[in-house]
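Chain nomenclature is as follows: A, B, C and D, assigned in order of appearance, with residue numbering initiated at 1 for each chain independently.
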Amino acid sequence: MLYRENGQFKTSYAADQQIFPIAQDRWAIVGLLLFAFVGIPLLVDEYLLRAILIPFLILSLAALGVNILVGFCGQITLGAGAFMAVGAYAAYNFHIRIEGLPLLLSFLLGGLTAAAVGIFFGIPSLRVRGLYLAVATLAAQFFTDWVFLRVPWFTDNASSGSVSVSNLQVLGWQIATPVDKYLFCLGWLVVFALLAKNMTRSAIGRQWMAIRDMDVAAEVIGIRPLFAKLSAFAVSSFFVGTAGTLWGFIHLSSWEPAAFSVDRSFQLLFMVIIGGLGSIMGSFFGAAFIVILPIALNQFLPAFGGLFGVTISTAGVSHAELIVFGALIIFFLIKEPHGIARLWSTAKEKLRLWPFPH
Amino acid sequence: MKLRKFALTASATAVVLSSLVAAPTVLAQAKEQFFPVLVYRTGAYAPNGTQWANGYVDYLKLVNAKGGINGVKISFEECETAYATDRGVECYERLKGKNGGATVFQPLSTGVTFALTEKAPVDKIPLITAGYGRSESQNGAVFTWNFPLLGTYWVGAEVAIQHIGKKEGGVAKLKGKKIALVYHDSPYGKEPIPVLQELGKTYGFEVQLLPVAHPGVEQKATWLQIRQQKPDYVLLWGWGVMNSTALREAQSTGYPRDKMLGIWWAGAEPDVKDVAEGAKGYSALTLQHGAEPNSKVVKEVLEQVYAKGQGTGPKDEVGQVLYMRGLLSAMLGVEGVRKAQERYGKGKVMTGEQVRWGLENLNLDQKTLDSMGFAGVMRPVQTSCLDHMGSSWVRVHTWNGSKWEFSSDWYQADDKVLRPMVMLASSKYADEKKLKPRTPEECKK
Amino acid sequence: MGFFLETLIGGLMAGMLYSLVALGFVLIFKASGVFNFAQGAMVLFAALAMARFAVWIPDWLGIGNPALANTLAFLAAGALMFVVAWLIERLVLRHLVNQEGATLLMATLGIAYVLEGVGTSLFGSDIYKIDVGMPKEPVMILEGSFEGGLLINKEDFVAALIAAVLVGLLALFFQKTATGRALRAVADDHQAAQSIGIPLNRIWVIVWCVAGVVALVAGVIWGSKLGVQFSLATVALRGLPVVILGGLTSIPGAIIGGLIIGVGEKLSEVYLGPMIGGGIEIWFAYQLALVFLLFRPQGLFGEKIIDRV
Amino acid sequence: MSRQIGEVILDLKNVSLSFGGVKALTDISFDVREHEIRAIIGPNGAGKSSMLNVINGVYRPQQGDIILRGRRFSRMNPYEAAKAGISRTFQNIALFKGMNVIDNLMTGRNLKIRSNLIQQAFWWGPARREELAHRAKVEEVIDFLEIQHIRKTPVGRLPYGLQKRVDLGRALAMEPSILLLDEPMAGMNVEEKQDMCRFILDVNDQFGTTIVLIEHDMAVVMDISDRVVVLDYGKKIGDGAPDEVRANPEVITAYLGASH
């Protein structure tokens, strides 16, 4: 009954165009942010931070990027992993080759490099679309896999081809403990999520969505497909690229191209599909779902089997994980093609009317 | 409303999150030494990973059946990594604090090893990488928590050249020869390259590099190139299905199998059994042991574990090459604990830091090994603070169409060649990471 | 010259196998507009079934004759693929009629995961052998014409032949039988086909069954070459550039595309690879497909897409 | 009517268009004067929609010129056309289904947006001001079309008639000088048609917008248009004021004749 917008009249367009036009939502988000910045570091142990929360934050950022391209602009990509790799390796090279370059700047430059590469691999989108484009993006994936394995310059001639970083400092802040890493990723994500939201609610976002929904009509209105598509590729790759830098620098701190393989690309695509195409919020839901599901299954299935006196082997769990994962994807596609975000907003609609059904 | 929604969300989150960490920690108080087991029983590398894991777990079960480590029972938990680095890291994070803290990690993946090398010093948990991992981590002064026991890839590469040299009738005869390296395109496969190139310069042979992309099922072009270039020898540095594919392609392009020499990860039953006759004459290095179905320790496993129906894998695979590798790896970890107990108190549960001391002061002489049932399986290992490898004995075995047979004497890697490279690479690492290598004095502590 | 020919022939034979995988894609796409990412998982599943049945069936029935055991295993695996096809239509596709291509694509990715999981739980994740008596040793021909002669891989040759025969049979099936014609009608226009009384659901089951059989044949060939294990699922990724090059809706496209990709990647790896470090064939195939796409967005033989406003 | 019909602003000269050998338009010429309502009629498949598509550059004619305010284009492209002030609606409603009404109309303001991507990302300075200004403009269109109650509804959920109105709204949001309407009244009931007629006349009257219109409903066409072009099988068979066209025998046999 408390979740109502009655009485909250908008007196200006500015008020109507806020990200969260309903006051309760604004408070909830403030609460959530407070909890994330203050509560979680106090409450949560290292395992949760390192194995779940940090990957969740970073993959949310990547999913956000993929969602911009797939969900908002309608260009399917199976090569997101490639742009993570480009971001990570570019940032690595800026980091080690330019003495004294601030880490933040390396990260941003990594993202920008990814954006540039993204534009390049986005060019086919001007000619081909849909499934053909999806496969074309795989070309980017396999090509970058190869480049970072094979061109020693990118890995600073490391004999093994694996690179590592340490002693990360941002503006004098040593990012060493899991809590530091968590807070850094969280801060980064909050900023970029805000930027993403702003883009999607202003002219550029409308251009992307117009191209997605009806590209001929968009062109007739004066939206240039070239600009709209390539800017989506650029922004998306930038996001995905910086997620890659965080994944490499902050999460793994030592990585090889396999960290950004085609499996990662599929994983990111699943996140946006399950989370909700064309929804900022959905990217978070999707990332949470995909990060937690396998770990949860891993922990629950043996315990669950134990209840019935069945020991489920490690292999059994992994197989079950594949099956459950696949089945859930299918289930979502059939039951809720718009993903968890839609479930969420339906629930909110219901809540607004509760306790009256209509 | 906000409050209620918030409370709901928060409690739901709390339930999910706590269930993720909580459950088994309750049991942790028991006096048990916890061995996390990172395995891969699914995915592209499962056929090989599974055998290793079975051997590893069976040995832990054997130790328990025999009363534990001076009375301390071993507890263990598997975690599936699927040979993927990020999943390996997650497993590490999940298991490192469980059941009173992890004793030692053995990730069985070079990629995971690279990632954990950064993390282990912070958590103070030793990392045993018997026969894989970073070659320069032999230097315990810099890599204080890594233990590439029994051998590294550089040892493998150096011995491989020794063996080829011997077959040719002396390393001097290698001049002008051409040796191709068919390798898994990953940190694992790239490790031997610097040593081969170095030796190539010294002895005057040419090294031809032929990378094979993961998972290694597409090698037609590689073997066409081999057919064209006609290298005198082919070194096979593969893992999983890549090995058997290489042998099949060698067969179908007619490259003589007896000119092929594999690393010890390319010399086990899953690699050759389906190629059977087609792989006859193919040789591979061994990490001391081969297939050892007749060794005493295997008999013990069969009697004390399998006879009671507690075996982890199929009985007929007990004693196969990768099974033995897993078993040996577990043994090394257990012996590290045993050694640590000598110093820090017998019958107590050791911390990771104490186990590191144990691993650094490992001294398994032949008598001890024989008494543990490893007679004929392996040779003595003695580590120190500065040498985390302990020994570099290697034999070669050859597939006769139905089983592996030893076909060479013992080799030992040439320290004169490898030591400078290890020192150079590890000091480069120390510089990058701004680490101060341990001095001999610090070691004594 | 001899070596060039060898590479060329090797590429053509590898290409024929790619065509076989690509054919699975094309069949399903033509009839239902589904881009079936699960084709690789189907290959794995079928091969696993075949490999295990070939061991189990003699055990159950006490058959000693390996040829008979293989035949029975093949039939059993084929029957299993029919069941799989039926289940896929029943449980998944039926509920996703008229969804967008992207949704269907994701659904097949889900199917792929389920098939991989079910396959490895039912049949195990070890490496298994399919032995249908393929010749393994190479032969040399034309030793008089070229120095060292031309080496022909008999196994590849037989595999390519089988693939070619299967492709031929499928073409006949599509052209000559009533079911084939119905399938083509569905491919051209779903609604029109339905309106003249072609039952869409049945057609889909049939086409997935056919794709299942194609997967089984591909699985047997690849499994016999490489051993049956998890990596077989990745052959789907090898088939993708082929369909892109050939066009998603064209059976001849799948064949020609397979040959072009096969030859292209082998030649590139052998001649271009050493210059830039090797291991290039996978991405080269994709780039090759991409370059073609830029000039012909619908693939070599695909139907031209015209926008209507 | 108070409006003053002006000079020729759009002139099509000898336009021919074919698709892979099939002729859609053959050697068609006609002009459009400023502020007038110009109708294109003809039986199904006469090439009417193709004609509109040529005018705003969706299709590229093989031959012929388009002269817009004295500038000669041998081929238009949609972006150039939009910049030159041509906007249009679509026969099969080409709204952006994933967006709500306001956002659909806001896309119409796209060409007038000056702030760049970075400014928009930060929702800062000019970007924010612009967003508000354009929103105000869009609200005017909403008021004009009387669709205030559905502003925040996703267009996919709207009934057909309203979708058509939003389609018109999006075109109006561009503040076009020439508005191309492709069967704006197809599929509507009488009441909706009357509304739509009123909006078209009001647009023409209040904003002085030149209108090129395709419509099937003869009564409507004859009522509201100033001049009519008749196409049949891609050829022009008549051109002139409604009454003239009605009297043209060729038109009667080809088109009107078809109805008896």
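The definition used in the following text is that contacts are C-beta pairs under 8 Å (C-beta built on N, C-alpha and C of every residue); 3 or more make two chains touch, one makes a residue touch a chain.
No experiment lies behind these values; they were computed from the predicted model shown.
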Contact-richer chain pair (by C-beta pairs counted) among A-D and A-B: A-B
Chain occupying the most central position, where position means C-alpha average: A
Most distant chain from subunit A, judged by the mean position of its C-alpha atoms: D
Distance between chain centroids, defined by C-alpha means - subunit B, subunit D (Å): 72
Subunit A-subunit D separation of Cα centroids, rounded to whole Å: 41
Inter-centroid spacing, subunit B versus subunit A (mean Cα positions, whole Å): 35
Distance between the centres, which are taken as Cα means, of subunit C and subunit A, whole angstrom: 33
For subunit A, residues that touch 2 or more chains besides their own: 145-146, 149-150, 216-217, 315, 319, 322
Residue numbers of subunit C (touch at least two other chains): 120, 125, 277-279, 282, 309
Residues of subunit B engaged with two or more neighbouring chains: 41-43, 46, 50, 185, 211, 213
Of subunit A, residues touching subunit B in the complex: 1-4, 24, 27-28, 31-32, 35, 44-48, 50-52, 55, 145-146, 149-150, 159-162, 164, 166-167, 251-256, 258-259, 261, 263, 292, 295-296, 298-300, 303, 313-315, 317-319, 322, 351
Subunit B to subunit A touching residues, read off their complex: 1-2, 4-6, 10, 16-17, 19-21, 23, 39, 41-43, 46, 50, 53, 78-80, 82, 84-86, 89-90, 93-94, 96-97, 110-111, 114-115, 117-119, 134, 185-187, 190-191, 193-194, 211, 213-214, 425, 432-434
Contacting residues of subunit C [partner subunit B, same complex]: 3, 6-7, 10, 14, 120, 125-129, 136-138, 151, 153-156, 225-227, 229-232, 234-235, 238, 265-266, 269-270, 273-274, 277-279, 281-282
In the complex, subunit B residues that touch subunit C: 41-44, 46-47, 50, 185, 209-213, 215-218, 220-222, 224-225, 227-228, 240-241, 244-245, 248, 251-254, 270, 274, 278
Of subunit A, residues touching subunit C in the complex: 70, 76, 124, 127-132, 134-136, 138-139, 142-143, 145-146, 149-151, 216-217, 262, 266, 269-270, 273, 315-316, 319-330, 333-334, 337
